[in-house]
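Given below, in the form of structure tokens, are the structures.
In the two complexes below, chain A is the common chain; its partner is chain B in one and chain C in the other.
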Partner chain A sequence: MINAILVFNNHGKPRLVRFYQHLAEEVQQQIVREVFHLVLKRDDHICNFLECGSLFGGSDYKLIYRHYATLYFVFCVDSSESELGILDLIQVFVETLDKCFENVCELDLIFHMDKVHHILQEMVIGGMVLETNMNEIVAQVEAQSKLEKAEGGLSAAPSRAVSAVKNINLPEIPRNINIGDINIKVPNLSQFM
Partner chain B sequence: MPAVSKGDGMRGLAVFISDIRNCKSKEAEIKRINKELANIRSKFKGDKALDGYSKKKYVCKLLFIFLLGHDIDFGHMEAVNLLSSNRYTEKQIGYLFISVLVNSNSELIRLINNAIKNDLASRNPTFMGLALHCIANVGSREMAEAFAGEIPKILVAGDTMDSVKQSAALCLLRLYRTSPDLVPMGDWTSRVVHLLNDQHLGVVTAATSLITTLAQKNPEEFKTSVSLAVSRLSRIVTSASTDLQDYTYYFVPAPWLSVKLLRLLQCYPPPEDPAVRGRLTECLETILNKAQEPPKSKKVQHSNAKNAVLFEAISLIIHHDSEPNLLVRACNQLGQFLQHRETNLRYLALESMCTLASSEFSHEAVKTHIETVINALKTERDVSVRQRAVDLLYAMCDRSNAQQIVAEMLNYLETADYSIREEIVLKVAILAEKYAVDYTWYVDTILNLIRIAGDYVSEEVWYRVIQIVINRDDVQGYAAKTVFEALQAPACHENLVKVGGYILGEFGNLIAGDPRSSPLIQFNLLHSKFHLCSVPTRALLLSTYIKFVNLFPEIKTTIQDVLRSDSQLKNADVELQQRAVEYLRLSTIASTDILATVLEEMPPFPERESSILAKLKKKKGPGTVTDLEEIKKERSSDMNGSAEPASVNASAVSTPSPSADLLGLGAAPLTNSAPPPSSSGSLLVDVFSDSASAVAPLAPGSDDNFARFVCKNNGVLFENQLLQIGLKSEFRQNLGRMFIFYGNKTSTQFLTFTPTVICSDDLQSSLNLQTKPVDPTVDGGAQVQQVVNIECVSDFMEAPILNIQFRYGGTFQNLSVKLPITLNKFFQPTEMSSQDFFQRWKQLSNPKQEVQNIFKAKHPMDAEITKAKIIGFGSALLEEVDPNPANFVGAGIIHTKTTQIGCLLRLEPNLQAQMYRLTLRTSKEAVSQRLCELLSEQF
Partner chain C sequence: MPAPIRLRELIRTIRTARTQAEEREMIQKECAAIRSSFREEDNTYRCRNVAKLLYMHMLGYPAHFGQLECLKLIASQKFTDKRIGYLGAMLLLDERQDVHLLMTNCIKNDLNHSTQYVQGLALCTLGCMGSSEMCRDLAGEVEKLLKTSNSYLRKKAALCAVHVIRKVPELMEMFLPATKNLLNEKNHGVLHTSVVLLTEMCERSPDMLAHFRKLVPQLVRILKNLIMSGYSPEHDVSGISDPFLQVRILRLLRILGRNDDDSSEAMNDILAQVATNTETSKNVGNAILYETVLTIMDIKSESGLRVLAINILGRFLLNNDKNIRYVALTSLLKTVQTDHNAVQRHRSTIVDCLKDLDVSIKRRAMELSFALVNGNNVRGMMKELLYFLDSCEPEFKADCASGIFLAAEKYAPSKRWHIDTIMRVLTTAGSYVRDDAVPNLIQLITNSVEMHAYTVQRLYKAILGDYSQQPLVQVASWCIGEYGDLLVSGQCEEEEPIQATEDEVLDILESVLISNMSASVTRGYALTAIMKLSTRFTCTVNRIKKVVSIYGSSIDVELQQRAVEYNALFKKYDHMRPALLERMPVMEKVTTNGPTEIVQTNGETEPAVLETKPPPSGLQPASQANDLLDLLGGSDITPVIPTAPTSKPASAGGELLDLLGDLNLTGSPVSAPVPQIAQPPFLLDGLSSQPLFNDIAAGIPSITAYNKNGLKIDFTFERSNTNPSVTVITIQASNSTELDMTDFVFQAAVPKTFQLQLLSPSSSVIPAFNSGTITQVIKVLNPQKQQLRMRIKLTYNHKGSAMQDLAEVNNFPPQSWQ
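On to the complex of A and B.
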């Protein structure tokens, strides 16, 4: 089972925090901080797995993480999950984000937190993997967007809500996330299932 | 087109986020957030009804604030309102808020459940999906109560959409994990198994996860899944990668599903049906073969996916542990990975090999990789990988390579990361003991261990070395000589002083012949360390000195001078002072014969499981110390343990000779804090013993507590510094149920925690008790519960005994308390008129039916309290029955399985004399007797 999914940037600012185990808020914050410190001091080219001691109250848990440019994606899992499988799952998650946001960057995660949650929701629910087929995930997200659009068109949503981000004067826009060697232009990108 | 268009965000939200990001300081950020929280609060509270859009915007802001680590204590109600919106976007954000910020507020849970119920019934797959995701994410007990019956129906219904089926399967899995008792097994289970054949691989994946978890608890029920899983796996593995289209990930067909299927198969032994078994073997061989093929892609994702399946296949092969051919191939494959350039693969290979080492078929094959593993220990840059290498060395160790492995581990210890030192110390100590052919090697190893990593050598380790030296005549002289030499070092670790002090105190005479280690030199050497040591060590050294008085009469006066010095006799520490005074006195007045008897050499310790092993298990969690031999050894030592300990315990407790504990390590803080009543005089024996399957005598104060429970059902039965035992019980007619709560008050795990309810032979025939075993480990601060089902067959006198045994730190704890199951618990109160009462009273006039007791009041004579006690006792309190209003009368029926016994009671207080007269009349003499006894104790 996946106990938590954490995404934070190189400075430890959380960008996505999702716990699948009931923990008090202070404990959640504490875990995010400690995980960040554990992961930060590791070189980029060593093992992607590490034991996290009693962080989750048992010795059975591992952190499996990947580092993409400015962001760390960390999954905390118990021994019932395959380490390499989770590593691929992280990749699928990032590739999916990339597809949904077109060249995803840290800012997308900040300003579209709800969307990111919805995308994640199509992959993992209650700490269990729901879908690993990227086409399927993207199709679900697209269906959602369509529904939103349809409702948006009918609703009296104020027009000022439209196109918000781009016009705002933003300081220091982070670089795009480099998602390694995947090629997004390739149609019918293979999925992990 | 991107699936998420960036333009349609919420401007207010974006502005807020930008503001936060522009904040120059933490204070500014907090200020901005507080302003926003105030704004949102006022908007939510305001008179103006908010439209869905605004609600959504504010909820999003709250989520963002929560992400930044701030407490969100409102907005839940607004989120719940969004759930019942008909608009998808609003509903969606409502569900998101609920599942991120779950609140166990029961009022809200009911509302949330209501909304979920509506969405589940809506037959709109999108809404159903949202509702199911929410249940899976929250997974609370209330939700399980509401939906555990409903979800299996959705899961197996023919017309359910695939995506909903997927969600339903995982939803059910989550509920089963949180509240297994609420998920009913039934017809649906067989239909779930058939989902393994589903067209849609997403459904198969979700179903496999569900079945795996269910099968672990109900293997029989899901047995048919084995053949289905094998055939599914076979179709995936043998297909060309293009066959599965969408389900192929970087040229690997459905790796995630393959992994899950292989996990499912690990819930079962190898299939019995030869056809299925053959097909599975074929699959596993194919997977192993594919590993040797050249990669179809250079991308790391390709090799990851391929190896994920491979490692899982190897796990299954190890789990089955039945095909030598496959095991050896697996081992060779892992051997290749040990040298792979990918750190991840080296890590996983070390980890898998660890389990492989415990298989008898492949143990030898694993051993051939010893050099690679040792090399990994020396060269790996990553501590996680080095840790795995240590684990593997430990697992592959046997008599043939123990010396090499122990030496390498000792080497590594000098530079090892602090985080894993203690564990390595334990492992070295265990291996050295287990594979010692030559005990001089063992002694050297442990002393080295103390020299290199003294701070990480726990008490268990040095207790153990002493135990072994005491038990083995052949090593005692060598040990004395070695510790003597080791103590010569200018700076030596305190643990070495302890071991040295103990061993020289026992066996210093064996080396006293050598003028370089004459008695006086030995004494001076030890005493030179005395002032640098902590109190417990000094206490131990004082005991060594008195042992020296016996061993070496020639230095008696020197020792007496030391004991007599002010720094000893007037030491601020009570323990040290007492030892000095007593030892000085002992050495002065006792004759040589008496001294020799009192200070006799310690008797050998009974052989039993090493306390170090227990410690390692505690550290790593049960089940992680896997070694076949170890398990066998443990079993046999368990048998040893139960065969002999009674005598050990008896000798330790009853022997008046203080020799058993003179050198007692009594000052060790751990053992002192626990008051096991049976063994307070023999701490040393206790430290080393798993002993005492013998039931401890009743804990002090247990009787008082017992009496308190006669008139009440709930409360704390027993408490000391380690353990609290609470009770809750209910009784109806002749049946009852008692919940016993064991609370670990310490921060350390209790191990082998075994509570047992014991009934004497007499009691067994009249009282039926059924208990379920509890988990043998109780975490620090945790509470475990045990249920006792009670049936009263016939009336009874005694109470059952609750005996609790466990290990805390290195010490064995054993205590017993009376369990307050008393005859009066099966009382059913009976109301009756004055006339009826006296009529019955007269009917029970046979002298054997009446029991009377006149006794002095132990508590203030308060009428209200007395009334409460009589009611608590179980009988009805009959008002206006007795002509004297100061008297109390009661009536009731005792229910047993065989009979019912009517009981009448009368209590007459005499305030002046502070006395009571209690009269019981029942149809059975023994019952009158017992009830009278029980009730007399209450006033």
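On to the complex of A and C.
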């Protein structure tokens, strides 16, 4: 069973936090911080498995992580999951994100946190793996977004907002924006697949 | 009020914050806006607000005020609302809030919704955070959906069922009929989740396990299709057809085949096929192989298959990919108990992994190496492990050192090798050695008698240069204290003897005492060692006296106590010093729990902190008393001599001395072999400091207790009017042979209800030809007025040989005890 799925960047800022176990919020945040510290210490040529029993109160738990450009994808699993299998699952997850967002980068995850959650929901329920076929997942996600769009989307504004959304064309603008001190030059994720 | 800002706006704004404080401010402002919007019960913008709230929750800010809003969203008719509502419920709510029960009705309605995506949402939420009450209420709906033909819903229902079973195990039977057709599905998603459901059920209930065993052929068939079927673009991952499903099925097969011959039989072929046909160039292939290996090791597979599995693991060890190596080491560790020989074949590869850069791999390799050490390879393995100890990270050193000690103890080919290995560990990782290793090492060293000189010499050399590693210094001080004479006399056979003078040795011990790096425990060891050297060294006794007296005023209470007692030893009890400080005898192996069997061992193991005083003077007599104890075995007669004095160290010696003072005995002073016992006070009181009994009751007949080989022992009795339970027996031993009997010792034991006191004999030589006798007084306390019985043991030297005899005395006259 998967205990938690965490995605954070190289500075520890959380981009996706999903726990499949009941934990208080402070505990959740603390775990995110500690996992970040543990994972940051690892060199690139070291294996992707870490023991982390102390964090979750059981000796059974392992952290399996992969580092893609500026993001760490960390799955915390117990012994019932195959470690190598989870590595593959992380790969499938990232490839799915890539398909759904078209050349996904960190900003996509930042601005579409809810969509990322929905994609994840099509893959993992209650800590168990639901679907691993990328095309299937993408198809279902698209169908649901169509439903949403028909209703007016998250903005919940009448149809002119829909066209406004269409015009924003998000994936491109962020690459050129200098927001304050943060100068974003995010490479394409596809290089790392 | 203006429309609440969109989620993207919020995110953009927050990202412009330059400091944590700025960010907090922005978020608080937005929270306030959201809260007022909630209060206005605005339906249109609610989902936008909750989305923002979820974002802020992810960043770590409190969002509990949105919980009820999530519920309102779930109840809405719009899909968008429901979607965000359910997501919010999963992230913000859990069983502990009572609010979550309000969801039950909504979920129930949504499970029957016309749109499959809404149903999917409901199933997802229930499967993530459904509480036991919710699960109980909704299990029926889930079960219905498990039988639907819609594969999208079916797979979600299967996982939801797993969650329900986890929360409410009693409901497992409910899902049983639905599982009948699950494996007939074509859709891989459904197959996958069905296998998960079956796995969960089998793991939870042995009955289910037995029931599902009949599915093994079907599972084997599915697996076969996956491997044999050609390229299928739908499920292909790096050239392998749906590896996730293959891994799941293999795992289920493992559970079904465990401890069951028939199922294992049915699986053998397919496992062999998977093991040989899977491509190993990518991670997916290796994942499948890994799972196969684990399955083969767990079920009752034939030996050929097991060897194949271990060879696959061996190949993994040579793989460049760290993950594969890690996984291989982990599985080898699990199998080394059962398939020891097979794993031995890969020993050299495992030992190579000790040199890997990766910390996780090193740790696994170290554990596995310890498991592989046996009598044949111990020398080679130890060399590698010692080298590893030298170069590894500090977090490993303690475990490695303990492991090496254990392995060395079990498989040491020779004592010298063993001691060399210990020395090596102490010098390389001396400060990481665990505290409990020190007494074990000391005991080991005492036991290898012929190596004493060699050991003490090496230890001395080791601490000459550096005395900062505490365990090393402790062991070295102890050894120098014990075997210092060997060190100074240069008697080492194994090695070039070094030239060490008494002063040099004392220099080292004194520097240990003074050094700031020495722990209090170490100092204690050093002081005791110096004291012991006072009997082994000849020219430096004065120096030792000086050192000991200095520490009499040490701030450390432990040291002060020791020094004061040692001082007393020098001053008042100098005659006892040699006996007290003599060489420790070989120690019995003591068990780690419980107190040492003090009755059996003559020496005392030195628990560093507790040991404060030298062994008691009652030691020698106690050993003889113990012999009597052995003689008497398990009968109801127990020797009166209480063994308690040996557990109360020198104080027993003190009492002993007081006893002798008070009793004012006639006859020769106490010599060591005579059994003297610390007596309960009332016996003395009864005697009112008059050693010999003058009150003679009306004559009690005397008896001959023993008459053999020319030795005759008579008992005469006296009873006191003041204390009717006390009987005084005077024994007289005479010798009718032509030669004297020397070193005569008389010992006695009485039944438990009695108490016995033996006073000192008049002498220990019985002259020949009945020309003289030895007299000795025995006092017997008989409060229950039971029949007096006694066992006696006599030891003496006669005609140049040592004689020993046991006898029982039963002919006591009734007046002596009634």
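Please note the rule applied: the second predicted complex is superposed on the first by the 153 of 193 C-alpha atoms of A that agree within 3 Å, B and C clash if a C-alpha of one lies under 4 Å from a C-alpha of the other, contacts with A are read in each partner's own complex, and residues count from 1 in each chain.
Keep this in mind: a contact is a pair of C-beta atoms (placed from the backbone, for glycine too) under 8 Å apart; a residue touches a chain by one contact, two chains touch by 3 or more.
Computed from a predicted structure; not experimentally measured.
In the superposed model, A:60 lies in contact with chain B only, and not with chain C.
In the superposition on chain A, A:11 makes contact with neither chain B nor chain C.
Between chain B and chain C, more residues of chain A are touched by B. Contact with both chain B and chain C is seen for A:121 once the two complexes are overlaid on the shared chain.
Of the two partner chains, both chain B and chain C are touched by A:87. Look at A:46: by the touch rule set out above, it reaches both chain B and chain C.
Of the two partner chains, both chain B and chain C are touched by A:135.
Residues 14, 16-18, 20, 22, 25, 29, 43, 45-51, 82-85, 87-89, 92, 110-111, 113-114, 117-118, 121, 125-133, 135-136, 140, 143-144, 147-148, 151-152, 155-157, 180-181 of chain A contact both chain B in one complex and chain C in the other. The touching residues of chain A, when paired with chain B in their complex, are 1, 14-18, 20, 22, 25, 29, 32, 42-43, 45-51, 58-60, 80, 82-85, 87-89, 91-92, 99-102, 108, 110-115, 117-119, 121, 125-133, 135-136, 138, 140-145, 147-149, 151-152, 155-158, 160-166, 168-171, 180-181, 190-193. Residues of chain B that touch chain A in their complex: 2-15, 17-18, 21-22, 51-53, 60, 63-64, 66-69, 71, 87-89, 92-93, 96, 100, 102, 104, 126, 132-133, 135-137, 139, 163, 166-167, 170-171, 173-174, 177, 201-202, 205-206, 209, 212, 244, 246-251, 254-257, 259, 263, 299-301, 304-305, 307-308, 311-312, 343-344, 346-348, 381-382, 384-385, 387, 620-621, 624.
The part of chain C that touches chain A in the complex is made up of residues 3, 6-8, 11-12, 15-16, 18, 44-48, 51, 54-55, 57-60, 62, 78-80, 83-84, 87, 91, 94-96, 115, 117, 123-124, 127-129, 152, 155-156, 159-160, 162-163, 188-189, 192-193, 196, 234-235, 237, 242-245, 247, 251, 283-284, 286-287, 290-291, 322-327, 357-361. Every residue of chain A that touches chain C in the complex is listed here, in rising order: 14, 16-18, 20, 22, 25, 29, 43, 45-51, 82-85, 87-89, 92, 110-111, 113-114, 117-118, 121, 125-133, 135-136, 140, 143-144, 147-148, 151-157, 179-182.
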